[in-house]
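All chains are identified by letter, namely A, B, C and D, in their written order; residue positions are counted from 1 within each chain.
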Amino acid sequence: MTAYLVTILTLVCIAIILGLSLNLQWGLCGMVNFGMAGFFALGAYSAALVALSGAGTLAATVTAATICALASAATALISLRLSDEYLAILTLGFGEVIRLVILSEEWLTGGSLGLPGIPRPFWGLVSEKDYELLFLGLLILVVLGLFIALEILVRSPFGRAIRAVREDDIVVATLGKNVTALRVKAFAVGGAIIGIAGAFHAFYLTYIDPSQFSAIITAYTFMAVIAGGRGSNKGLLLGAAVIMCLIEGSRFLKDVVQVLDATQLAAIRLILIGLGLILFLIYRPQGFAREYSLKGSKLISPRT
Amino acid sequence: MTPPLPVLSTAGVAAGYGAGDIIRDITIDVTPGEVFTVIGPNGSGKSTLIKVLAGLVRTRVGEIRLGAIRLTHLSAPQRVSTGVAYVPQEFNVFPNMTIGENLKVSTEFLGREQQATLEQRERVLAMFPEVAKRLKLRAGLLSGGQRQMLAFACAMMAAPKVLLLDEPSAGLSPKLVGEIFDKIETLNASGLTVFIIEQNVKEALRIGDRVMVLVNGSIRLMATPGEITAKHDLHKLFLG
Amino acid sequence: MTRSSIYHPNRRKFLAGIGASGATVLGAPNVARAQDNEIPIGVLLPFTGSQGAYGPDMRKAAEITTKMIADAGGILGGRKFKLFFEDDESTPTAGLAATKKLLEINKCQAVIGIWGSPIAMAIKNVLIQANACMMVSGAANAITDGDTKGLVWRYQAKATDWGPAMAQAMISRKWKTISILAQQNAFVIPMIEPAKKEFEKAGVKVLDTVVYNPDQPSYRAEVQRIFGGSPAPEAVMSLGLLTDFVSIVREVVRNDYKSKIMALSIMADAEGKFIQSVGADVAEGIEHFQPSPPLGSPNYARFQKLMGADANALFLFAGNTHDQICTLALAMEKTKSTDPLVYTKVIRELCNGPGQKVDDVVEALKLVRAGTKIDFVGAGSDCDFDERGDQLNRHYGHFRIEKGKQVLVQIIKGV
Amino acid sequence: MIAQVVLNGFVTGMIIALPAIALTLTYGILKFPNFAIGAMLTVGAYFAYIANAWLHLPLVWAAVLAAVALAITSVGVDRLVFQPLRERTAITLLVASMGVSFVLENVARFVLGNSARSFEVAIARPQRYFELRVNMEQIYTAATALSAMLAIYIILRHTALGRAMRAVSDNPALAAVRGIDRERIARWMWVIAGVLTAIAGVLAGLDRAIDPLLGWNYVVTVFAAAILGGLGNPFGAVLGALTLGVVEETSTLLIPPNYRQVVSFCAIAFLLLARPQGLLGSVRVKR
């Protein structure tokens, strides 16, 4: 019983970390990232490979963060001069590329066979039975750490600047060149956080393979951010928790509802997730408030 | 004798983007056949005002009427068909379309019947011979002055009661400015009511029957050009 | 939880939120917990995602078999299996969460089905650590690695047995040159190398090998390269899943390539879905190969009837699920225990014999109660296991599609 | 061999071109990249499948039915989802369209399940011209796609609706003050997008098999094509699609086939670096 709750909470924590990064990239900076799953995979695999090489889980996590940061920076750089829709597609494509590379480069990633036996942090410190609890504790610490760090960052001049970038093109213009740097930095930091999420995913499952990093992860993360209220890290904590609990909770539907076959139930589940996303956007746009202000200017400038 | 019923009128209009209003408590009566010009320093809210009239910016408070018709809640397209035509300051033609297409597209969605449209087209082409000359030409290739003319022509295709012009002289050489304003006068002479936002105070005072001075989004003064030049120091006015 | 807590949360409320949602998670299952006289069994299957097509039949088989046993009076003096189905969404992460749920909420001590190798890999440690019995239909060799407690049982040939056997089948067709067209997925990739070795031994030339990704918009280029190569191979060994195979075959026929095709039955038969999908004349002449149920055995015939299919139907995984339920029942009955650590010890004895060969689970249960030694023969395979829990002396069926029907070409005896 | 590959690439490009046009039109009129284009394609294919396999209509009529059905669906989706979000940023709509694609794809899965299906049409054997294998389906595909593109060209160039669409996508504000109601144009745009995507769905279903992931597999390539042509430019989209089709297929002569999807990504990346406005697009540089 408790062990199941621990599992769910662990998954929630990983979802929260992903959410925090998207909240930084999209929520605060307005840079949409449709390649979440790809960067997540990149993080998980880098971490796994380093950990398997025996360099230790800390080194693994750091490497994962660094690699994802660099990759994100690169992606942001490519789309620097372009409006955000392009970034969305670029990130999507980038995610695809990562997926293909992981699938195809068996010598490195084990291809579709994946990487088994990934070491875990503090393994053997406690009995196998209690380990999951220890892991969850560690993860919660990481979440809180990131949360606080991000809250501070949001209030810092840097944070104010990136919010400005999201909110107002005029500000962007006046801030001038360093805006581009800001965007790249913000996106890179976000990437680093995804990397950390990936690392912990790898540690938790101890086995990773390409099928774990499907685009649905991206969808869930957007759900979490939107549900929590875009831009609000506090809201996100709850958003992610609620989403994960709904997703997991819907498993119990099967045990009760017998009329539909499992395929249909699974489909309904995804339908509900899609609907939830849309309904939130339409009826609960908390955190979108600022975007109304773009209305007028958007209508008039022919560029939009 | 009673003054003629205003063709375009606003009562206590306020509007803006995002938080805060850019224009406040605007009450105007534009009488038929007059040239009504609005002048004011940059950022005084002139172009916001004209966009509110054209229906591009939502009216937050107050009323806008065209004669007896309430425009306040009509969309921009609906306002065109009721008889308010607007010529933006820039990007006022479709550069990727030919002149002919520009004219066509300006009437096709007004729900007028063919015959009326064709007659109006003839009238407009007569009014703008320089436009009529090369219908096949891509509008993007036109010079600033020619564009302005085409923009006027397109606006006229809707056979409007009131023509709203947003700084028609902006970025044009003095010679062209002259031509533009002559055209405006001829249009006005044909009985059309014209509402102009203008930077070029000299021209504005020359052409306007009445001039309104807008400062920080509210009406500072409304008078005839004569009164203004006689009684007031424009610089003081503009400095609010 | 209240709306305010969503939009102005603080940490206390956040934790409360977790608690609350936790409560909903934990509250629900009470309705769905097995009664005392029921033995909860978890069935983890793909119903969505790339492998979604294979779940439903296995579910059906599990339900039918369970009912069959229950109708015959159940086991351990009238107790019944209560099945809990979970969707692994064809991804390990979901599979893991589902497994935890089965273990913790539904109190299942055995999780069966488990089609995809990656899923099996991801949940293996969890199950072993929980001392739960794990019965898989996945082929990847690594699945049975590191099982020190004898809890993991494979009801499928492992990839490295499968590859050579398939090669033998192709060699027996006297093809001199072949090429390999394989999908990048965990259970076919390990077959390729062993198969190649087998071909070399027999002096059959492997002209080209192309590995493609699942879910590509088209496979035109791959088909072009393999079938259109000059010289074109006499036959192509095609390893993948149903959907990609359908497009591949269409492409081949459309381009009128002449090379023969030898595929896996999960592609070229897929419990009838392939022919349904492309039609008989396109499927004509395609050969396919799979660890096969004991075809012609009365048990398999009965099973086909149970599944409401005609005598021609080829059930590849449904049979395995049936056998998994049967062996569970027999082992529990034999040991009078529902503790995996206890009953898994007798599975090999019950399935490998020596003893009276029996293929009807109800019969078998009677014999076990009577204390007779038995050698259970399943509907999916003979059900013989080595000490790792991998299957022994598997039979492989080699079929050809003729006029929309499976025709058995030969049975290959594997290791 | 090369000629063959180029030909195949050309046909693949034809299939990609239609949704790419739809995507680019949507972008032009409503200013957001419709992520649900893939799911729309899938649903279109399933509509046709139902008409073909259940109602036993010949594929042509099935396709017509599918086109109508998907057109209606698209308008409906716009009314329910995108219209309420009209004044939000492109990104908000982009995210919403992701939700839409979830719903559509899984409704299809709910009704018809996961397994692959094919239309009830015999697969035609190829004609040989010299070394070239040209099969009937490729010819049908090319013909259908081409006539669809021709239709779009005529609509855009020579009809009031077309002029209005160009006007709105070029400068919505000016269009509005010329009396063009964006909503009305948007509705027609969705009809056209629906028809195009449905046709593409049928062609794609004919080309491979129909399953819930059919459209998803095209999404990246379709976006790549639209961007390559410069979002908002239908003729660019066609050009982009054909280029991608050919480049992706020919690339398999040089690189391992399983990497060919990367090609389209690299294509966008490099293009965006070199020529942000796309092959034919108007400038989309933001800062």
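Throughout what follows, contacts are C-beta pairs under 8 Å (C-beta built on N, C-alpha and C of every residue); 3 or more make two chains touch, one makes a residue touch a chain.
Given the structure is predicted, the values throughout are model-derived calculations rather than measurements.
Peer 1: Looking at B-D and C-D, which pair shares more C-beta contacts?
Peer 2: Of the two interfaces, B-D and C-D, more C-beta pairs touch across C-D.
Peer 1: Using only Cα atoms to place each chain's centre, name the chain farthest from chain C.
Peer 2: B
Peer 1: Return the distance between the CA-based centres of chain B and chain D, expressed in whole Å.
Peer 2: Centre-to-centre distance between chain B and chain D: 41 Å.
Peer 1: Taking the mean of the CA coordinates per chain, how far is chain C from chain D in Å?
Peer 2: 37
Peer 1: Quick check: how many Å separate the C-alpha centres of chain A and chain D?
Peer 2: The separation of the two C-alpha centroids amounts to 29 Å.
Peer 1: I'd like the Å distance between the centres of chain A and chain C, where a centre is the mean of that chain's Cα atoms.
Peer 2: 33
Peer 1: At least two partner chains per residue is the criterion; list those residues in chain A.
Peer 2: In chain A, the residues touching two or more other chains are 100, 103-104, 263, 266-267, 270, 292, 295, 299-300, 302.
Peer 1: Quick check: what residues of chain C touch more than one other chain, meaning two or more?
Peer 2: Residues 47-50, 52, 56, 184, 211, 213.
Peer 1: What parts of chain D, by residue number, touch at least two of the other chains?
Peer 2: 109, 113-114, 170-171, 173-174, 176, 216, 256, 258, 261
Peer 1: Quick one: which bits of chain C touch chain A in the complex? Just the residue numbers, please.
Peer 2: Spelled out, the residues of chain C in touch with chain A are 5-7, 9-11, 13-14, 17-18, 21-22, 24-26, 28-29, 31-32, 45, 47-50, 52, 55-56, 59, 84-87, 89-93, 96-98, 100-101, 103-106, 116-118, 121-122, 125, 129, 140, 142, 184-186, 189-190, 211, 213.
Peer 1: Please give the residue numbers of chain A that touch chain C in the complex, ascending.
Peer 2: So the residues of chain A in touch with chain C come to 1-5, 7-9, 11-12, 100, 103-104, 106, 111-114, 116, 128-129, 201, 205-209, 211-212, 214, 227-229, 234-235, 237-238, 241-242, 245, 248-249, 251-252, 254-256, 261-263, 265-267, 270, 286.
Peer 1: Quick one: which bits of chain B touch chain D in the complex? Just the residue numbers, please.
Peer 2: Interface residues on the chain B side: 54-56, 75-78, 80-81, 85-86, 88, 91-97, 101, 104-110, 154, 158.
Peer 1: Using the touch definition up top, name the residues of chain D that touch chain A in the complex.
Peer 2: Contact set of chain D toward chain A: 27, 31-33, 35, 81, 84-85, 87-92, 94-96, 98-103, 105-107, 109-110, 113-114, 170-174, 176, 216, 219-220, 223-224, 227, 231, 256, 258-259, 261-262, 264-265, 268-269, 272-273, 276, 284-287.
Peer 1: Across the complex, what residues on chain A touch chain D?
Peer 2: So the residues of chain A in touch with chain D come to 26, 30, 32, 34, 78-86, 88-90, 92-94, 96-97, 100, 103-104, 169, 172-173, 179-180, 215, 219, 222, 226, 263-264, 266-268, 270-271, 273-278, 281-282, 285, 288, 291-292, 294-295, 298-302, 304.
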